[in-house]
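Submitted below is the structure of interest, expressed as structure tokens.
As written, the chains take the letters A, B and C, and residue 1 is the first residue of each chain.
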Amino acid sequence: MRILRALVTIAVLLAVWQGVVSLTGVPRYILPGPMAVADALHRQAPLLIQHGSTTLIEILLGLALGVALGGISALTLASFRTARRWLMPVLVVSQAIPVFALAPLLVLWLGYGMASKVAMATLVIFFPITTALFDGLRRTERGWLDLARTMGASRRSVLWHIRLPAALPAFGSGLRVAAAVAPIGAVIGEWVGSSAGLGYLMLHANARMQIDLMFAALAVLGVFAVALYAAVDALLRWALPWQPDTHPADEKD
Amino acid sequence: MKRTFAAAALAAGLLTALPAAAQDKMTVLLDWFVNPDHAPLVVAQEKGFFKEAGLDVTLTAPADPNDPPKLVAAGQADLAISYQPQLQIQVGEGLPLVRVGTLVSTPLNSLVVLKDGPVKTVKDLKGRKIGFSVGGFEDALLGAMLEKHGLTTKDVELVNVNFTLSPALLAGQVDAVIGAFRNFELNQMAIENHPGRAFYPEEEGVPAYDELIIVAHKDKVAGDGRIKRFLDAVERATFYILNHPEEAQAAFVKDRPELNDELNRRAWADTLPRFSHSPAALDAGRYTRFAEFLKARGLIKTVEPVERYAVVVK
Amino acid sequence: MNAPVRPESLHTPVSVTVTGARLTYGGTELFSDLTLRIEPGVTTCLLGSSGVGKTTLLRMVAGLAEPEPPTVVATDDDAPLRGRIAYMAQQDLLLPWLSVLDNVLLGARLRHERRSPNLTARARALLEQVGLAEREKDRPATLSGGQRQRVAIARTLMEDKPLVLMDEPFSALDALTRLRLQELAATVLAGRTVLMVTHDPLEALRLGHRIHVMTGRPATIGPALEPPALPPRAVDDPALLALQAELLRRLAG
């Protein structure tokens, strides 16, 4: 069963981790063992829950905004040639700027509360979504477009009825990347200036040499990332039933 | 506590010693990018004091200020510049470090407000926002200072502004900042024409401590003749700075034009009097007193005997 | 000349004349000064081997390719062909996210026409005619290649346009399915003006009222060959096989 397989994988990873710690003798203020981290998770549960919920909200809001912004950008790029010429370079540059250069600016404009973290997460997410959806919109099957043309469909009709549904699988790929990357955006935002959240907690624990707590916070963040990815994956499977997977490994020779 | 630093500092400034024969190599990890707080080290480098002591010293700036003590504890470097409060906390968490010398023997950390701002005394901080950098013990310093004036940390809102202390204060996003170094942030604000005012922890209920110390791995000190020679060279450089401040400053900025700006020049003047005149000497009573302070504020569990984490190198 | 049967629901069948048709590609002249006459109410087959340019010619008529000057595509009633064409390609071009019924009704969807009960009834009747009435709710992925092409036929007829253009519609199917679909096509297309491009002489003979061979480099279009009797013609008819020999001779140039 799938759950059993997942549990086995986790158990193996934990064993490897413990093995690395025991065999290499790495000090616990650099890499604590899984038992130490589990202990920290248990002892500091209220703290982790409190900061965890802050970060979770930032991630979810950032994801929602990033998807919305990305979707709009992609549709704009696909619909207007002038937009493509001017907007595309801006988008590419926005991704080239390292986030820690942008983060202080965001904090300056949006304050130290949740808004700047959500903005950071949004920034990190919206480009993968934009490119994925835009790519999908661009690569519509020639035959469908021909057919639509002979049927007298307007450009808008073709975009809405053919290009967009056809681009949903590509959009799905972008969404999966976004889900995996959203936690990073939120945490980076917290590093720059915040008083709450897992990123803040990690910084604080690190400075206090409470490395087991830092790793515990990291573990919680990891759980968020995995859960988010799984949720997005399930959502996409439900929304795109007409696009079944064809895994190469499943083919019979 | 981290200081901001207007000069463009590169991610890792590497200063290599002049090549010489039969020199003992030594790696020293700084606590932050090269700045006037490190003057004795840089001057010892530039004036050849290390070389004359038979040492080939490499000074490295870290990317993450929390790393140097960890790396020395893990055996990846010989010495690190760290902070006395940090050391006492780290030793409490089991890091095998000892203090072998002192670079700056006064606190530099301070609570800074705008001079013509609404905060005239520490009491005025009630209900206000205080910015801090996550360093591990700012809340302890702040708590003690507030309590001296009848307040607690619950009476203020703490906001982590990480390294952007002065900008946050100047932009009005916070009413005060803790973790600002008095020789830096005050000068930075003066240059921006928004002079600041500092409240000094050692005057507001916090025992005095050494801001910058030199730490080594606990088990590697005995029998390592390099450390004593290193400290001798640092002491020599300190006196050179005291006696020949202009030549010393010229040596400091040689080949480092980014350190030759207004902020660094002003910081140099303010840092000068704070270098330890006797880097190897140790005031055990002072260290114990500060450890008791940390214990009382819940940052460490027990007050270790000083000789466990601070030694005088012979 | 064989008299075609004219279905009741038809518009006045349109007829098209292409003159001066020219196509250059990569510096080579593929054809020039070609003439093709598409007679009203009958199926005209354009037979040629791959690469001769017959698909491009069809696309020029369909409005999917810009006619290279001095090509002229003219109708007998002088009205433009835009909006009077139903197009069927080699691929079924069914949208995988729509059901079979929705695919048949694609034209109405793209043109934002209201889906009246009348319209739906007509679509269902067409599905019945192509033998797929009970599959109307299924998705194309669950149908075989032949079945999907049947849906495409239904969709083409749903458009109910005066000119039907078909580009090798059955060449991707196996021989048996191909024969069956040819029967079906001939039946449902009776009385309509059709231009069908194909590379299979037998197919042309089974379905075409008039057959032109397009061959050579630069290509030329030969005179019409009009087989006796009405399509669909029987495969085992010796007269047909004799004509096939003639077509092959013309193809070989």
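Miscellaneous remarks
Everything that follows uses one rule, which is that a contact is a pair of C-beta atoms (placed from the backbone, for glycine too) under 8 Å apart; a residue touches a chain by one contact, two chains touch by 3 or more.
Only a predicted model underlies this, so the values are computations on that prediction, with no experimental measurement involved.
Common neighbours of subunit A and subunit C under the contact rule above are absent.
Compare each chain's C-alpha centroid with the centroid of every protein C-alpha atom shown, and the nearest one belongs to A. Among the remaining chains, B is positioned farthest from subunit C, on the basis of C-alpha centroids. Separating the CA-averaged centres of subunit A and subunit C is a span of 49 Å. Taking each chain's centre as the average of its CA atoms, subunit B and subunit C sit 84 Å apart. Rounded to whole angstrom units, the spacing between the C-alpha centres of subunit A and subunit B is 38.
Within the complex, the subunit B residues that touch subunit A are 66, 70, 73-74, 89-90, 92-95, 134-136, 158-162, 164, 167-168, 171, 173, 299.
Contacts from subunit A toward subunit C in the complex involve residues 141, 143-144, 146-153, 157-158, 161-162, 165-166, 168, 240, 242-244. Within the complex formed with subunit B, the residues of subunit A that make contact are 26-30, 104, 107-108, 111-112, 191-195, 200, 203-204, 206-210.
Put simply, subunit C touches subunit A in their complex at residues 59, 62-64, 82-83, 85-87, 89, 91, 93, 95-97, 106-107, 109-112, 139, 141, 159, 165.
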